[in-house]
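First chain A sits with chain B, and in the next complex the same chain sits with chain C.
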Partner chain A sequence: MNGEWMIETRSVSKRFRVAGGGALSNKTFEAVGGISLQIARGETFGIVGESGCGKSTVARLIMGIEKPTTGEIWFNGQRVDDMRPAALRKLRPKFQMVFQDSASSLNPRKTIMDIIAQPMRYHGVARGGEAKRRVSELLDMVGLSQGMAQRYPHELSGGQRQRVCIAKALSLEPELVVLDEPVSALDVSIQAQILNLIRELQARLNLTCIFIGHGLGAVHYVSHRIAVMYLGRIVETGTSDQVFEHPAHPYTKALLDAAPIPDDRQRGRRRSALTGEVSEVAPTGACCLYPRCPIAREECLAFTDGLKPLAGEAGHCAACARAWEER
Partner chain B sequence: MNHSNGRSAWQRFRRHHVATVCLGILAILLLMALLAPVIAPYSPTKPAGTFSQPPSREHWLGTDKIGRDMYSRVLYAMRVSLTVGFWATIISTAIGVALGLLSGWFGGWVDRTIMSFTDMVMSFPYILLVLVAAAIFEPGMTSIVLILGFVDWPGVARLVRGNVLSLRETNFVKSGVTAGMPGAWILFSEILPNTIAPVLVYATSVFALSILDEAALSFLGMGIQPPTPSLGNILNGAESLSVLTGKPWLWVPAGTVIILLVVCINFVGDALRDALDPRNLQ
Partner chain C sequence: MGAFFAIDGLQISFGRGKNAFQALSGLDLNIREGEILSLVGESGCGKSVTALSILGLLPRQGRISAGHILLDGRDLCAMSPAELDQVRGNDISMIFQDVMGSLNPVLTIGSQMIEGMRRHLGIPRAEAWAQGEALLSRVGIRDAAQVMRKYPFMLSGGMRQHAMIAMALSCKPRLLIADEPTTALDVTIQLQMMELLQSLNRETGMAILLITHDIGVVAELADRVMVMYAGQCVESGSVGQILRHPAHAYTRALIQSVPGIHDERSRVLASIPGSVPERYDQMSGCRFAPRCAYANLCPQKNDPSFRTVEEGHVSRCVWADARARGGEQT
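And now, the complex of A and B:
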């Protein structure tokens, strides 16, 4: 319909059958509930939320590893979620993924050279000696020495492996790269290096990136725009600075306040803590944060509106009735 | 596997001292079996001296009850047993790998059909199945190989299926999918090479088992038919109590060879398991 978005999801939801419910059980669990995202060409879009909020499922839905239960996914003005497998396979090089666990992302029986070169050869991005040269270029681009090409994955460190994964994702010259918690499994000192690499490559290659993470600092650092997810829904979205400097949704506030404060002078800052556990499911029709929200009122029990723009802040949306009032 | 990978695998293998010794013993036995026509002093099927002679300078392991040289017979019997074991292992591993790959990769009804067939074959009384098959087909080397080959595959099939199922969930297989690689490529270039090590290890135990089964079958008279010697039918000649107690040279060598083969193959298999895992660093 419109081609200005690189990737667009339209009320996408995903339900999984609950395991252990027996063969005839129809019990399902909603991992993602009606998410609509628009991501523009050349931007890095961050998705942040705690473990189990469905952010990785969103990544897998966009990558076409999972099929949405309802909703549509559009890539470059083309609907991809109902595409025939053969047609989708042709399109796949255009969107690539970097996984969290770099150790299982690389075939232990292949050299780094083969891992990166084989898909390029198959898709005809580069052939023969050209592919070898291209691998050298890519290794150079992600800051690895040429000698790495002949190594096996287990001979590399975690940070080096993640660099290889990034090189591999870039090898097919994609337009979109989905990074699913690419630094969560790494040492803190290595995390910064990888984040810098992602930022630098994104700008240099004018890539569109989706960066998924639970570390707020990391997501803020690399992303232009951010969506905050809670229990399979987006509760707040806006530019990186809007969300971080003027959080509107009580969940976002709690998430920001929960981060450790390195600055001693700010230690006295008010902390808005959530009560209870994620497992507390809201009553039907209520706001998903209702059981845990510090500012919940009776009207929140009947909350059906989704994201709404906040007054005076272009592009900043939140799904909270009280936030709308406050601004 | 490239050169350096192969070398480090060998280094890891060498750390298992028992297995290294076993590999040496296996190599010697294999060489003796291969060179049987050259090193055997007499024909394995024709009488070469007085019957039931104890070991002597002319007949190192004595002679049997019709005067055949036991040393020559054991050499040729090793040839037969190793051949049967080898081909039975090749056949059952090929069937098992093929069915396991299909089952794990396609899932759904393909998986259910193959796996229930596998369970059926597995739950069948093994020796009875072999006996019935041996009764239907004419006994001989080819039929023994085929029978054992078609009976030993379920273990391999289940092993491979389990491996494929877990490999399908790994990120490198998923990233093969997201890179738009064809299914056949993912199956044969990403999944299959990662199942070869466990299959190879399992195959060694199938090999040992096939040698035992051949011996058992021949011992029961359903296997390799005399006068062709096999380790099993040599033991068959030692059924009576007087032979067991009075003429140990008729059965001790063949029995020892069976034990050596089976024990050594199993030890080598165990060491192979560690040696083939590239994640086992020094």
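And now, the complex of A and C:
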């Protein structure tokens, strides 16, 4: 057993019952299919992919909000996916989550002070004056003025609310913070503030973070390592620079090429594009990208190998037979 | 080619009396045939109210308090509702960010598609249906005949977006207003959307007023750019002038606050401190000054009038003077 990983998922799959199939229907949809990933202490691990690729489901599985259909999830050398609720509750303070929609994740009837202090009260970490002192410390840490403590969420701007969410997540001194699209709803200039805050806090507190996003630039900016997901599978993983500078998987390449570049001279550059839509599901046993892949060939119809390391690049893996040949 | 569409000193206010809020404080713009003009800025800068006011779609509390909106010299603000109906969906049409909210859920795509053609062009139903089908194919929808008979909920997000564009095109508008057309989309779908808008612009010569907050989308599509901040245009010029030689402190900060996918990871993003002031209409002097890194040193923050940087490039910032004098920016 490898003891150095903080989070490890082993072939984790999650199937959901398809709604509308009728009470007796067994129709299921595989949101996540056999994902194995390892996250080390003190790193920010980015997960990118388009809507519906399963990135949020992975986060929810790791947080214990969903139970995997098959596979195991390990946290600090302890298996957590089959824990009883009471045992999991004891572990809860160690992992916290920040959501995209800050407005709906803060109780509108409570002051910022109460919101940030609540997790500490619930878990009996701090009360009364001690909790107040800790809240003021946290406000400071996320760059909010002390006066904010007495306000209500609706009196704050989107950026300020997201800072409150981060302060709340940090109130229990967690080991792992999962950030699910934390900047997607924010304006560009505010996004930069929050991204800088996340990067700074991660380094200062030596946090382990999972950063989920569809904005490629933002994920690149905060993450040390990255996994690219497509249709419930990880298609490529490596350090941020490996994946962004030397993408190996055709999906990663298309995703990076599709991102607009803020330079009008780069207009009309050659791009590797996918055909069709995400909804095109590959035949059973084939590579998940098969129907849309520009370099697909017959062997790709029987592709069961999954992620494999690329020659000569430590830690850089891709799930594509053609990528293995090319390197 | 000359401008066929112009906005002249447009002011938009919400509410009345003491609490009236001026959301847009005097905007001038003009669009030439076949041009893509982009209004770029963050939420609350006034770009969406500008778009809505053009088609008379401002919410009830809002009104145009001064200025003119001119199509071929005719003032849209002075038109009767019946006259405006002739322009809307015909000469000028619009696509919105919220696709589901702009399609009628209980009508098929086909019946929504032919509505404009029958009304504005007086085409018989069968002919309009055939044209609608052709338009759906044109925007890249496969088996258009089937899609015509489907309801919006039966389509994927990307397909809906394409169907909405096809509807907006049905009367061959000369100007398409696209309000955040790519914002809610995934990057690969966003790319398809940008390519579609670009090819429609090239092939039909339709002008586009592109409203977005995304500098990347601007770089891919726009010919000219107007940067909006707090109810004003603060800088305008060609896409190259604005992106490569920005002459306003806000434009520079906006460009630098976007994390690029090929940036060095060690780079620290330049963020703009604070947020847009709430009552910006009551500010005097430069509206960006409270957030500007150079405001303390700025000799002209009390006089944010437009200065010419070079031909076709103006800015409300002291950087404009520095650039115009040939001084290299730091």
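Basically, the second predicted complex is superposed on the first by the 319 of 327 C-alpha atoms of A that agree within 3 Å, B and C clash if a C-alpha of one lies under 4 Å from a C-alpha of the other, contacts with A are read in each partner's own complex, and residues count from 1 in each chain.
Heads up, the rule we're going with is that a contact is a pair of C-beta atoms (placed from the backbone, for glycine too) under 8 Å apart; a residue touches a chain by one contact, two chains touch by 3 or more.
Keep in mind it's a predicted model, so treat the numbers as computed, not measured.
Trainee: Tell me which touches more residues of chain A here: chain C or chain B.
Mentor: C
Trainee: Looking at the overlay, does A:W5 come into contact with chain B only (first), chain C only (second), both, or neither?
Mentor: Once the two structures are laid over each other on A, A:W5 reaches no partner at all.
Trainee: In the overlay, answer first, second, both or neither for which of chain B and chain C A:V188 touches.
Mentor: It touches chain C, and chain B stays clear.
Trainee: Mind working out whether A:I65 is in touch with chain B, chain C, both or neither, as first, second, both or neither?
Mentor: Touch partner of A:I65: chain B, not chain C.
Trainee: Quick one: is A:N107 in contact with chain B, with chain C, with both, or with neither? Answer first, second, both or neither.
Mentor: After superposition on chain A, A:N107 lies in contact with chain B alone.
Trainee: Taking the superposition on A as described, I'd like to know which of chain B and chain C A:L172 touches: first, second, both or neither.
Mentor: First partner only.
Trainee: After lining up the shared chain so the two structures overlap, which partner does A:F303 touch, if you call chain B first and chain C second: first, second, both or neither?
Mentor: neither
Trainee: Using the touch definition from the top, say if A:F211 reaches chain B (first), chain C (second), both or neither.
Mentor: neither
Trainee: In the superposed arrangement, which partner chain does A:E50 touch: chain B (first), chain C (second), both, or neither?
Mentor: A:E50 sits against chain C, while chain B stays out of touch.
Trainee: Check the residue A:L255 against both partner chains and state whether it touches chain B (first), chain C (second), both, or neither.
Mentor: second
Trainee: Enumerate the residues of chain A that count as touching chain B in its complex and touching chain C in the other.
Mentor: none
Trainee: What residues of chain A sit close enough to touch chain C in their complex?
Mentor: Against chain C, the touching part of chain A is residues 50-51, 157, 159, 187-193, 195-196, 214-218, 220-221, 240-241, 244-245, 254-267, 271, 273-274, 277-279.
Trainee: For a test of understanding, state which residues of chain B touch chain A in their complex under the given definition.
Mentor: 1-2, 5, 170-172, 174-182, 185, 189-190, 193-194, 278-279, 281
Trainee: Over in the complex, which chain C residues touch chain A? Could you list them?
Mentor: The contact residues of chain C facing chain A are 42-43, 156, 158-159, 186-191, 194, 213-220, 222, 239-240, 243-244, 253-255, 257-263, 265, 268-273, 275.
Trainee: So in the complex, which bits of chain A are touching chain B?
Mentor: Going by the criterion above, the answer is residues 63-65, 88-93, 95-97, 99, 101, 104-111, 115, 118-119, 122-123, 152, 154, 165, 168-169, 172.
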